[in-house]
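The structure appears right after this line, and notes come after that.
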């Protein structure tokens, strides 16, 4: 069941299944320590505290975890989604049954720290290209099973999402082209075999590919693993021909080179590292 | 269903459910590009290539992903689980139906890169304490839903696993102690309310806690967030009293300080970063 | 999980699973149009309007779909289940979050239109045999996965249900008889191998079969694909022998011939077309 | 789990779940008649026979149903997917365990008859517009839970698929426009909030809407419920402005008017009735 | 998913789900002892040995458990389902991977011992009424979740099954009658609201009830908790009126009184204790 | 999903899944009798009545079953969990919708009778060793799928739980020892391959085994199937060497010999029969 909560809808089914499974791997048959020591009537006041500076993201999901374990827990966020928090800030207060708080603590922190970590690194890229109109986008290089949350984290950090998966966007790569014979043939075939609401992106490795993609009528052209110079020439070529084509750059991006690439005028830079190699933000839960 | 494959058993149920779900988030209703372009009879030879040096881990799971998509794919590993691979090495060769290869590619790489990344950083800690007899252990700070694979990665990198979750090991923390009144009371209560095959670990913050844990008959004592000096004093105290107690250190560990801490003679150092902040190993799949 | 709501019980588990799956195939990762355009606070008043005249059926399920998407939506039915509605009638009013209304709209209409369509055609058959005491029954020829709803639609249209599936009613067909050797043997065997609360129906193709079924002590005799004349003779034969035997007619039924067949005095006429070939009733949802 | 078989991949997970559920609603705790009467060693030769002329479609799924019940059954198709079959043709032969054949029979026929029915009516529309270059497309008006199969049937009958659901195509309707204020604003907003591989379709009701959509840069314009005259004027307007815009017509389509509408030069005509009101093709399974 | 293996069909879906869940509760994250001690290449020969005399039943399910854990295990039954085995008999030999054998052992024995225990006590009742033509039937008093296996055990011990659950047989109890007003009304109502293939059983407590059930045309009459004398009178009354009515006795049955009750000429005696209070048969698995 | 309710937490997921499955096997497509006879508005007052004297256990789960069927039912327990009830006592009163009460009745009684039966027999063992400080423990010999409830019943009857399954406790048996070569080697290996919070139990059959286990540093020693005399000698040997070793006795336990064995000073006696052969407590539900 995949129905996911969105800003507008209210269904939590997909997210709940994920969170319950995550709780299950931690809790299994129960907390053998807590169930022996903490009275079922014992209550606590706790606070989520930042250790270090970062973008906080994922609070709604953390709150949901506490409520899945115990509907009676009170969760009050003191920071808004996407806020930059300083070291030692109180992010949220959670009150209620102590045993329930301990059952939910680790799973909630693990998710919150991951989402915040991805939002934080994404935001560093977004800041690096500020003012240039270039979008920072994610890739399909997410942790298995976590794509929904990883992509949410990217948006919250100010980045853009690329297609969700293989099913909701057309991206013609070199393997496709060589199997079919030419970019032109590939674009034509893919158009006639898909519904009319999908654009066509073509991955290119050199100027000749770019020319082929332009001639084939590609809607989006990805410049893959090109040098800065080649990127410049490609951008010039594309803009000289058809201004409405979207230009995406991909490959070997880092915080040192991303602004230079953005300055070439490309529309979008996609970065795998923001989802596959983000360090967790450091957050702890303090009991008063 | 949680039955997991072990060295000795053969059941893949838990792992398959996880992998299918991961494939599903990428594939959804199908690969709209490939299904339009690649003939169902087209076959390819591919190779998994390392980009950079790292410990390779997770090959069995990568192979499983290819076979879940298409039983006819031939997967041949050229490296063994836990091998250190150099930049540009061929890790495995996979042959068969091109469309199937493209369906499985991203999910297999995402998992392989994560597991190898965790094994690699774990191994750096293991190497750092070499010769001292101290174990490097993981924590419960794993990515939600990925604990099974994250803990496998730690073992493959030469680390040790701590308890899997709240259900298979007793760890008395300060919240437990303050709820009950004293370490002595907590140890007694937890023993009488659990089956007789579980040891009891007590988290301590200072020498007074350590003394309390020793008096209470704790089987394992965790020195949490202590300075090097306090760790030394704690170790001396414990060893002067009862040699069979296992000593674990936790908190603020990094590759710079881990050897010094190991030299105090502690049995085990647990490190959250090896699972929550490991960078992915870089691996790509090349089509011939 | 199959527990289904009935008039008396309150469990929605089976139905909810079905409806969530139906919502999922339409919504997947979310409504990419609405989530970009409609503010999460935007609310609307809508009405379900009939286009054409038909029997309305399935309102409880339509309401449930709206509530599964958003518990806050207000659904007010203006027609009762089984009512005949005229062109342009307001069937129900639904108010609340606009985005939620748009998420649920298509799935709710698809189900409502199907159930109403089946109820309407069923009712035409029921009207055609009015006053003769013959029941119109469904068959197992339902859309795969939709039997629960298709059979509900038949009841709401005034028809009767036949057995739900292979598990809750015994129906001996010619393949069974030829495998065993004779109707007599088949009836005997099937009785001794089943619990004592199931009646035995035998499918017959000619008078000799009917005689065999009577001799074997069948509780119900189905006259399958017989001409009107043969049906008459079979009815005479059965009534001359054992009045308590139930007589069912099946095969090649249409609105033109059904009354003539009912006039022979049979108890029940089963019609596959009412579930496998019903045209959808036309209903649309208007936003004020 | 949604992974679906495509021409190129081999995963049956989604389809198998659907088919097993469909089998389950028919079989439940078992076939009380057959298990009492047919020896487990009894085998039969059967044939699927057409009654009437139609397009046969869904044979792969019918075969799968037989194999899910019993891997030992031999299924041999004598017709190809999409073939037009005449009354009395042998469509396939299935041999093997008699009890298994009887368990699978009804579910396989129910699915095959539905898919063939949809393919047949779709094909009538396709034939009606032959030579004009206009595509016949489906809608989201499919039976709940059956979208995957209903859309497959449309393709097999020669039609085109529209978007699968709300998640993989942008379609701005009047409710969206009125909530935002103008077509121009809606197109801009929807573009900035979605990934760059989705085109934007705008639903229009009159020439003023069409003009608005053109000015906003819509990629696709749907002419909804317009008269033939208005359609003509809209087409003229669109083609005078931007030739690359795709034109779709929707609403009140039937086999009598579809050619006239296609002659206006529109690219695509979408028809709800081909999925929500198709009559089942008549197929029976004969035991030798 | 409920599809269950029958003599004739081949689907194991329902049973496999049950068995995997049972394995899961025992194995969880793995066998911590065996995985540390037994080499993955170690193989063993084992035998299932009876301790005490009993009816052996459930071998197919035990075999399935071993195969679910490891397809490579060889299971060879030396006894047939339903055989009476003596103390010390070899019931089956199982060879293969030692770790796999240890993973499956306890779950297989637990199921085999329960099924055999139920078959054994059932058989004692069957033997007790030998020669009288009275059937021994089970009830719905099975262990939660185990009804499929409990009812199988009863059949294997020579008993008959009553209805499976509330859905496949009509049984009117006193609560039903008092809610409706009279037995006559209840029988009439229940007949008109159910499909025509279900018989109607009425529970009676005294001769007046029996008379009412006869007058109402009940197909089956249950004599509930009556004295031997009342049973005799009821049987006389029923047989004097309508010979084809099936007579069931229920309540307070034991091995001491069952034959006397059978001698009254009743058709069926149902016994709750054979499923809710059967002692397990004692079986152990010996490693050579 | 395994998350289970504990004293302190509030999640019912695991238990609900189990209970719904149990309800499903009884209810299936619905109660064909009740839905025809009982008005949806009909309400009843009922009472659970004991027939015989026993320990009542499982009331929370019984209540949950009624609420899963219908949240509106009022369940009021008049006895506390673990109370000894006399014949004819009112255990609980349940009021509300009659049809809902009838849907839940049998499943609730089946579970309540099983749990109470196990608690009762466990308590007989506990009483038999009263004053000696010996614990009565369960084993893994539970009914497949019911371990969670069977172990709960044992605790409620005053017994102790042994390990839950293979995953949360180490128990070295003779097969393990013979595969490795010696008890000493096995203990060493198992310690180095598991996390540091698990104790090690060794199964012994004679004094030589006991000596080996002591030398190897086993934390717990199980005396398996030994005579009373051997048990005495083993206890003397163990206590002369290391007082902290826990001693468990297993095998051939009954209410006649259990006190004698407890008098030897062992810590724990485990009894398979309390879970695999407990007779159900007799409880009925009376409608006023």
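Just so it is clear, A, B, C, D, E and F label the chains in written order, and each chain counts residues from 1 on its own.
Note that a residue touches a chain if its C-beta (ideal position, glycine included) is under 8 Å from a C-beta of that chain, and two chains touch if they have at least 3 such contacts.
Note that the structure is predicted; figures quoted are calculated from it, not measured.
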item: Listed pair (B-F, C-D or B-D) duplicating the C-E contact set, over half by residue number; value: B-F
item: A-B or A-C, whichever has more C-beta pairs in contact; value: A-B
item: Interface residue identity across copies chain D, chain E - same or different by half; value: different
item: Whole-Å gap between the CA centroids of chain B and chain E; value: 46
item: Averaged-CA centre spacing for the pair chain D and chain A, given as whole angstrom; value: 34
item: Rounded Å distance between chain D and chain F, as computed from the means of their C-alpha atoms; value: 54
item: Distance between the centres, which are taken as Cα means, of chain F and chain E, whole angstrom; value: 23
item: Where chain B touches two or more other chains, by residue; value: 2, 21, 27-31, 34-35, 38-39, 98, 103, 148, 164, 167-171, 198
item: Partner chain A, residues of chain F touching it in the complex; value: 1-4, 6-11, 13, 148, 164, 168
item: Partner chain C, residues of chain F touching it in the complex; value: 20-21, 23-24, 27-31, 34-35, 38-40, 68-72, 97-100, 103
item: Residues on chain B engaged by chain A in the complex (per definition of touch); value: 18-19, 21-22, 25-39, 42, 44, 98, 102-103, 106-107, 109-111, 113-114, 117, 140-149, 164-176, 179-180, 186, 189-190, 192-194, 198, 273, 276-280, 287
item: For the chain B and chain F complex, residues of the former touching the latter; value: 2, 137, 160-164, 167-171, 195-201, 219-220, 246, 248, 267-268
